[in-house]
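Two complexes come next, and they have one chain in common, subunit A, joined by subunit B in the first and subunit C in the second.
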Partner chain A sequence: MTTHAPAPPGAPAPDRARDTVPRPRRTPARAASVFLSTHPRTRLALLLSAPLFWLGVVYIVALVLLLVTAFWTVDSFTGEISQEWTLDNIITVLTGSLYQTVTLRTVGVALLVTLIDVVLALPIAFFMAKVATPRMQRILVIAVLTPLWASYLVKAYAWRSVLSQDGILEWLVTPFGGQTIGYGLPATIITLSYLWLPYVILPIYAGLERVPDSLLEASADLGGRTWPTVRFVVFPLVLPAIIAGTIFSFSLSLGDYITVNIVGGASQMLGNLVYTNVGAANNLPLAAAIALIPIVIIFGYLFLVRRTGALDNL
Partner chain B sequence: MTDQQPAIRLAGLTKEFGAVTAVDHVDLEIAAGEFFSMLGPSGSGKTTVLRLIAGFEQPTSGTIELFGEDVTKRAPFDRDVNTVFQDYALFPHMNVLDNVAYGLRVRGIGRKERNERAMRALSSVRLEQLAGRKPSQLSGGQRQRVALARATVVQPKVLLLDEPLGALDLKLREQMQVELKQIQRDLGITFIFVTHDQEEALTLSDRIAVFNDGRIEQLGTPTDLYERPESRFVADFVGTSNLFDEERSRSILGRDGHHSVRPEKMTVTRDGLVGDGVRNVPGTVVEAIYLGSGVRLVVDLDDGTRVTVLEQNVRDRAHDDERGDRVVVSWHDDDVVPLGAAVLPGISG
Partner chain C sequence: MRLSRLSRTTLGVVTGLILLVVYVPLFVVLVNSFSTSKSLTWPPPGFTLEWWTRAFQSAGAMEAVWTSVQIAVIATIISLALGTLISLALQRFSFFGRDAISLLIILPIALPGIITGIALNNFFRTIMGVPLSIWTVVIAHATFCIVTVFNNVIARLRRQGTNLEEASADLGAGVWTTFRLVTFPQLSSALLAGGLLAFALSFDEIIVTTFTAGSGVTTLPIFILNNMFRPNQAPIVSVIAVVLVVVSIIPIYIAQRLSGSQQERR
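Our next item is the complex of A and B:
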């Protein structure tokens, strides 16, 4: 039989000794691995106990303490916090015209910042995800991320210098008869838009990346020009990503108090009121009550957003 | 050829991606109402040609005519051709009905009318009961049919199909082949079908262009390609072939040039066959593979040439051949196909 059948080409007789694969050795680490791989609950407990402990103590407890503090009061004579339950702080915050004005201003600033960021981020993210070459794409991602490496304070002060009386903006617009906008709410909105722009670009970019090119081609193929394609295909598919981006810019703007201090002139936002009450006024309970405002607003926003399904995409 | 305009005319069509020439001076005419297949291995340029016709890519040079009209510079949404995508490309956020109605919607047709037309298109692929589902809730075959309905509802002059059956399992694929053929006959429009599956191309097509390295290697009917392959590449790619190079052709077939013989045209017996033009060559069975409908025998002829023989599983099959059996392989001289001069080096037989 073997005399007739030609040997398959290039197949030498197998070397049995060399082909032997040694069995794995038994070590304590291996025994532990075996134990863990057959006990999923132990595995889960070991994996999660440390982070859950951290989350519980550092996050939840601190937050709950803050909320509880809002229902306490300060002895105006001694400055000591007295742990009597009262709704006074909440009522002050809800009815005081100062708080109402500042709340409206803060929400207005946060909404405008969010709007500006989305309008700026959409074309940038679209270019990054769908137009740029892979090389250009990497360069742009780095360009978007780089400002995040610089200190927040430095960036805010950079804008202060740009907007100052003898700053770059003044120098740029003087030939056209303009002048710098100076410090105030517009300057705050510009600076905050700049600070949070990367946080809006990145989720929208990631969302667009996940829209297959073939869907855009299919839309064009079926007769859809640019605008119908954007309106019926791209926008509905990236809406969750856009909303994810707005959560960042909106909530970060709501809580900000440094930028408005640096470029906001005399304007105050909720963060400033918190800061003043903790520091100069030594009224921690009132500060806690003010801090509840942005928390409630953000929860309201998240509740609205949840109904769009955007949170599934965070 | 009638004096009617061809549905598609490609002239000197070339597409380069950087240093790579994906499509190399392709000239091609596809008749109206034809079921035309572009067959080739991956990277042969067949899909690029399809994308050029659809308008997703711009050619480096050459022109594309649609019923005599030059559409080379037109955007995809200005061409009367529609595509069934390989991954179907259904819009995931729309239900089946909205997907099918999309082409009508962007043309500004009112909701009531577009839904009616979309329903009619859906019923032609027997999916009207799934109109409210999302694409993610459909099976592969159902998605395939939605994609087909979506592309045909806007009444294109030419339908482009990019490996539409590639993702389906064998049974469903065969069923969809029959359906595609029926739909094409009903609509009476030109289908251009891209596939790497030679059996699918042979089953469906009126004509087939075999692509290799960005060029058309051979153009013809399924019978032409199978019975009279003009090159070693086509003989090898369309079905399987026993290829004989110049040296073996001379020693075994007694002819000059390259030749091929189909496995099913060969017979294996103990003592050989008698008859005019019958050639008997002794050899040894190397492998006998049972296929159900037949047996594939790999035989080494005595000069070392390895051939494959396909024996039908018929009732009077004389014997079972086993590894090592001495046999005689026979074929008729008429079944020896001479291959053209265009022999590609480096394609193994």
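Our next item is the complex of A and C:
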């Protein structure tokens, strides 16, 4: 595309009368096209300008300003944000025992949810990608995707009814002398794992699909049994996809506050603290300071996994 | 690798069990939408169609669906345009800062929604002084929808290479003609798939929406959240949920057909 500019407009027309294609007219569009095909950098700049303007102005500026707000304070009398620089919010968040407990709880929940999702997603993704017949595969993809379209809230609400005192779980386990786990942290972990499971299955499935069957056959021909083949051939190839899946479940769990409200009973996560401070407490600077915790954790995680190529698998 | 019959069966059974657990809650919602009990009692004491008629007569629900559709359509269009531009830039050129830009695109979904939410809330209200409205929701949604379009389009660009575009240029087509007649038709199914995902993402989003919606703007998720804990409204929420799942089978089917035909062509 870059190497072929049309003949210069002033050049003499070829003698041969067989030349039936009319010479392009010199419209502004044509001139722009000629210019663009000989100036790839301009083309790049034009392609990038609109999206970068949008993401830069709307998103990066907003994020940076949020960080800045964390160093401001709220006038306790008027409730207005006063732009005095202070480290108070950061210190409160770092040293307050409430924030430490909630941070640990939130990270623990996010890690557990991620672990559960990966453990559940691996067999199902493997079955979909390598065992199922093409027809079965298509049905399974639809079966995994359909719950994604059910509203997030409805699914959390569904678990609320499943786990409730006279819900289906109670009804199922009562004959065996059990009882429902009720609302609380375990219910939150179950519901969050349920919500993010499709997000973890899909990248792993896509990653496994990309592993050529010929590699597995080669491994078998060279004497590799099932487990060594999974361990030394399949696993390294799909690791980026697995990590891509964990980014979803980890990050989505880290900021969640609605599921906790629906099935978590009285337990609080970081999201709840942020939400209360934005809304009822009207302390945006403190909310911003709390929000820094998940931001730092996610950036740390993204930085750690950057080299594995996971970010290309999202 | 040759899987034994036993391990194949085990994998199949595990897959089946997981899918069963995935569908049980949805099944419970389906049954609850016909239940005479308002308090999620299982097994249902009796069955009624009352909630279904009431849901379709509920002005609030219908209005919320319409608001959500409008927001999702506009956000999808914006993200289609921006996502296509940026994937062309990142796939066809290599330049300094390319990795930073691809990180920038995934950031709105990699960071928890509440952070995007309060950042935009702060940006619109405190910094810009713009009152929250339906447009602030659209802007927020378009920002995190770009990534779904980007992912689909860049994968397609990577796979199709530049041969056809070069042939088109060699035959005298300018950049516009090449894009219109060669690049765009090849991208169309990727754009449809990315657009469907973007639409779904926007339609279902609640956290960012809570922080960017003006007081009069009630999207469907906001409507559901507001009505979920009201005893008289909860069964209507179940009805809406069932309708959403059933309606969603159409776009999933289309997306599947698209990717399926793509595989056969390969």
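What we mean here is this: the second predicted complex is superposed on the first by the 271 of 314 C-alpha atoms of A that agree within 3 Å, B and C clash if a C-alpha of one lies under 4 Å from a C-alpha of the other, contacts with A are read in each partner's own complex, and residues count from 1 in each chain.
The rule is short, and it goes like this: contacts are C-beta pairs under 8 Å (C-beta built on N, C-alpha and C of every residue); 3 or more make two chains touch, one makes a residue touch a chain.
Owing to the predicted nature of the structure, the values given are computational and were not obtained by experimental measurement.
Visitor: Thinking of the overlay built on chain A, is A:Phe232 touched by subunit B (first), by subunit C (second), by both, or by neither?
Guide: first
Visitor: If you tally the residues of subunit A touched by each partner, is the higher count for subunit B or for subunit C?
Guide: Comparing subunit B with subunit C, the partner touching more subunit A residues is C.
Visitor: Does the superposition put A:Val296 against subunit B (first), subunit C (second), both, or neither?
Guide: A:Val296: touches no partner chain.
Visitor: Should A:Lys155 be classified as contacting the first partner (subunit B), the second (subunit C), both, or neither?
Guide: Touch status of A:Lys155: second partner only.
Visitor: Between subunit B and subunit C, whom does A:Gly224 touch in the aligned arrangement: first, second, both, or neither?
Guide: After superposing on A, A:Gly224 lies in contact with both subunit B and subunit C.
Visitor: Based on the superposed arrangement, let me know which partner A:Pro212 touches: subunit B (first), subunit C (second), both, or neither?
Guide: After superposition on chain A, A:Pro212 lies in contact with subunit B alone.
Visitor: Mind sorting out which residues of subunit A both subunit B and subunit C touch, each in its own complex?
Guide: 1, 4, 6, 217, 219-220, 224, 233
Visitor: Which part of subunit A faces subunit C closely enough to touch in the complex?
Guide: 1, 4, 6, 21, 24, 29-30, 33-34, 36-37, 40, 43-44, 47-48, 50-52, 54-55, 58-63, 65-66, 69, 81, 120, 123-124, 126-128, 130-131, 138, 140-155, 157-162, 164, 166-168, 170-171, 194, 197, 216-217, 219-220, 224, 226, 229-230, 233-234, 247-248, 251-252, 254-258, 262, 271, 274-275, 278, 284, 287-288, 291, 294-295, 298, 302, 311-312, 314
Visitor: Where on subunit A does subunit B make contact in their complex?
Guide: These residues of subunit A touch subunit B: 1, 4-6, 212, 214-215, 217-225, 228, 232-233, 236-237.
Visitor: Can you name the residues of subunit C that touch subunit A in the complex?
Guide: 1-4, 7-8, 11-12, 14-15, 18-19, 21-26, 28-29, 32, 39-43, 78, 81-83, 85-86, 88-89, 93, 95, 101-116, 118-123, 126-127, 139, 142-143, 146-147, 151, 162, 165-166, 168-170, 172, 174-178, 200, 204, 206-207, 211, 220-221, 224-225, 228, 237-238, 240-241, 244-245, 248-249, 251-253, 255-256, 260
Visitor: Can you list the residues on subunit B that touch subunit A in the complex?
Guide: Within the complex, subunit B touches subunit A at residues 54-56, 75-77, 81-83, 85, 87, 89-93, 102-103, 105-107, 150-151, 154, 284, 286, 300, 304, 323-324, 326.
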